[in-house]
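Once you scroll down, you'll see the structures, which are given as structure tokens.
In the two assemblies presented below, subunit A is common to both, partnered first by subunit B and then by subunit C.
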Partner chain A sequence: MPLARPLLGWLAFAVVMCLVPVFVSTGTVRILVFANFLAIFAMSWDVISGRTGYISFGHPFLIGIAGYTTAMLTYHLDTPLWLSIPAGVFATLVGGTLFLLPALRIRGTYFALVTLAFMELMYQLTQVIAPKVTGGTRGLSGIPTIVSGAIPNYYLTFGLVFAIGLGLWFVLRTRIGAALAALRMDEGAVAASGLSTIRLKLFAFMTSAAVAGIGGAFYVHYLGSIAPRGLFDINFLFTILVAALLGGSSTVAGPILGAYFLTFLLEYLRPYLPGPERYVIYGMIALVVYVLEPRGLHAILRTGARRLAPLLARRRIAP
Partner chain B sequence: MGRAVNTLLELREVTKRFGGLVALDGLSVHVDSGEFLGLIGPNGAGKTTAFGVLTGEQRPDSGRGYFHGDDVTRMPTHRRVARGIARTYQIPRPFGEMTVLDNVRVAMMPDSVRRLIAERPPEGVDRELLRSVGFGEREAAMYPDQLSMGELRKLELARTLATEPEVLLLDEVFAGLTRGEIAQLSALLVAERRSGMTAIIVSHDLRSLAPLVDRVVVMSFGAVIAEGAFEEVLDNPLVREAYLGQA
Partner chain C sequence: MAFLEIRNLDAFYGRARSLHGVTLDVEAGRIAAIIGPNGAGKSTLLDSILGLVRTTGEIRLDGVSLTGRSATEIVRLGVGYAPERGHLFPFMGVRDNLLVGAHTAPRDAERNLRRVFDLFPVLEERQNQETGTQSGGERQMVSLGRALMSSPRLLVVDEPTIGLAPRVCHDIAAALRRMNEELGITILITEQNVNFATHLARDVLVLETGEIRLRGTADELMNNPHVREAYFGH
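Coming up: the complex of A and B.
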């Protein structure tokens, strides 16, 4: 695969996104910060679920481990961020191995349900076990932030999206990406091809957990607080899933695209539908896109560009 | 005896139950290095289960498996494949969303995450493999759902060859094929045999199997009921009974 074109795409993406704060209001920049976090979570989800077909319904569990670890370390022990954030990511990697255990025996719906149980378990644990440490139902607030203000936070989070996105793209475009895709299609045939399916799954799960951990830790230090109700929440989970699926799973650009689209969709619906009925509308829009093109927005744009390219070229020749 | 030295792959006294069904009932079977062995028997005799145990996809309840004289009973599938045992499936199992070329490339992959990321795939070997089973550039770019049964079986063969096997386990290689396709596939197998490959071939198509194999083993109800050269085995009254339900 030639490198130059996709790299130009990444570069254009970076340039456009860096210029965005110049042209839009601070309010929009704040929304974009959330979109950036959603993009990170959706990319993480896609590495497990989009690539290998192990549908995770427990991603908030992974995000929460990192979030709680760094929150508790900084809140109680005044641990510096440069130490607490890596500690949070490391803890998520350990959590990722827990995630892998059911995947050794089950897949499909059963795996999704077990991971959902992980999330529920974490929700209960944070409230019941040592509420003094976790903050119980109310969680912890007054957690240090890294930078303040919408624009610095925007550049920080976009930097993360870009670094993670480019990193994943570089890794997954190699043969490992094809191996993970093969795993999704027929695990038995992958083993019969001489590849350890456990090792491949471990790689996907650890990569996904690392990304979720980075996102989760930074998220907490952006919000300055953490609470179980908002984090281990089915709506939060489905927003991640829909972002990845809507944008186009098994790609890197797809989940990013889906995250921006979905965040703005929800925001623009807010004045008209302030309550949870917004989620019905977004569900319907996601459904329509999905029925039209199961490979998501990413594929729609790609096909559109392919059809448009010859038209534009013709116009250039005959002015 | 000289046999022990020569034996490449072997099952000894293997029993495998699925609930109340005894699929393999103390099965002992072996294939010698460079030998083409035919494994035949009526439906449900346990031939495919025997393949499953040989590749590690099925764990036997008792008995052992040996490869090059080493006990491989508990060795996982991917390691057996790496050591040289490769199989095809009765119902072909290609990676459906990949082209023929990419299917073969998966089978060529090294079993190491680091190498999968850092190393470039070897060039030319993939197409060479496809050519060896009669696929050109047109077929290489096709998806499995565009292939005929004969082509799917060739793809399966190309994938097993991509793992650089010492022994091929071919499950119902001729099923669903036209006469022409059978002739093509037979020619490929004859070529493999000449190059010193070892194989166990399961087939119901005895006429196509006969010229390919050195020896046949007949299974019924999970055990061997006869063994030897093709003609003498088919004359065996036990075999006739198993196949036709009469002596």
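Coming up: the complex of A and C.
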């Protein structure tokens, strides 16, 4: 596939997003910061689940490991952020290895349930094991932030989205990306073609864990606090899942698109539906989009652009 | 010494033993066929060669033991595998399906791609078509092509004619013959279509309930009363 067009697309995305704070209110920029975090988590989920077909219901477990590691290191030991954040990401890689173990023997619903158990286990452990260290049910607050203010945080988080997105796009368009997609469709045939399915899974799980770890660590230092109830929550998990699926699974742009769409949808519904009933509405919208186009918003936009291009070209030619 | 040597091979699914002391040789540059009814263990035998099932016994390729090796190593040593019904990646195009087979021989990818398109020109015309939308015959061609992408010295093909029209079977046989004669690839196929197997292969073995019951040349087996009774009903 020629590189120029997609790279121009990434460049245009960067330019537009860098200009956004100039035109929107500070409140909207704050919403965008959350959208950026959701985009990172959705991209991470998609590397495991969208690419390889191993549906993870335990992604908050990976995010939480990085979050708690860096939070505890900075809170209790005054560890500098340049050390605590990589330590958090490293801890998530170890957690990703734990995720891989069931994937060596099971997949489908069973794998999803085992990963859900990981999340529940982490939820209980943070409250029961050494609550003085983890902060127990209330968690930890007063964790140092990296930058302060909506706009610096926006540029920081967008920088992460852009770097991770572009990095994943480069890696997943190689032969490895094709092999991961093949793994989702027929693992037996991948093995029979002489590829190591274990290595492929290890690559996908480690990549996903690293992205989840980066997102989790920066998220905690943005919030300045961490608590088990907010992090290991089924709604948080489903928001990540729906963002990836709604935007377009097995693509890099899809989860980013889904994250922005979903965050704004939830925020704009908030004045009208302040309670959890918002989730019913967003669930319905997700369902409608999914029924109309199972490949998500990304595919809808692509199809729209493809249909629009000849019309625009005709108008340009006409005197 | 035969190119492929299998000695006293037992294969297991859990505790169930599905191959019982299989011993066979395939000479270099030949086409050999294993015929047998459903459940005879034909696919298991090919899976065993690829290291995809638990086995005891000995499998050697050109003197090198394949026993205990991973499928990746075995493919690197020169075994290409076209499984039953293709097992393609349905949402990927023809070209991408073929390139998955090139992972163990990336340097030969372009040359092998040309060979595949030379053998099956229809695949070159439809290289961007998703294989899930292709006919059974085209999918079988992609499956053989994907196996060829690993630069094999031994090609093992599981029931290449299953569900295919006679005309397509003829094309598949012609392609397998060309792979054997022009590229020098030794071929081992399994088949239930005895006519196809005996027309294509020089050496034929009959596998029943996990054991080799008969072996000989295609002509010998076609004249064997047991084979005639079991496979032709007369």
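Side notes on the structure shown:
Just so we're on the same page, the second predicted complex is superposed on the first by the 318 of 319 C-alpha atoms of A that agree within 3 Å, B and C clash if a C-alpha of one lies under 4 Å from a C-alpha of the other, contacts with A are read in each partner's own complex, and residues count from 1 in each chain.
Everything below uses one rule, namely that contacts are C-beta pairs under 8 Å (C-beta built on N, C-alpha and C of every residue); 3 or more make two chains touch, one makes a residue touch a chain.
If you're wondering where the values come from, they're calculated on a predicted model, not measured in any experiment.
On the superposed subunit A, the positions of subunit B and subunit C overlap enough to count as a clash. Of the two partner chains, neither subunit B nor subunit C is touched by A:M119. Applying the stated contact rule after C-alpha superposition, one finds that A:T174 touches subunit B and leaves subunit C untouched.
Touch criterion met: A:A192 reaches subunit B and subunit C at once. Among subunit B and subunit C, the chain that touches a larger number of residues in subunit A is B. Of the two partner chains, subunit B and subunit C are each touched by A:A182.
Legend: residue contacts after superposition of the two complexes on their common chain; A:L160 is shown touching neither subunit B nor subunit C. Of the residues of subunit A, those at positions 175, 178-179, 181-182, 185-186, 188-196 touch subunit B in one of the two structures and subunit C in the other.
Interface residues of subunit B, counted against subunit A in their complex, comprise 55, 57, 76-79, 81-82, 86-87, 89, 93-98, 102, 105-107, 109, 111, 113, 116-119, 121, 159, 162-163. Every residue of subunit C that touches subunit A in the complex is listed here, in rising order: 50, 52, 70-72, 74-76, 81, 83, 87-92, 96-97, 99-104, 106, 146, 150. Partner subunit C is touched in their complex by these residues of subunit A: 175, 178-179, 181-182, 185-186, 188-196. Residue ranges of subunit A in contact with subunit B, taken from their complex: 171, 174-176, 178-179, 181-182, 185-186, 188-197, 199-200, 203.
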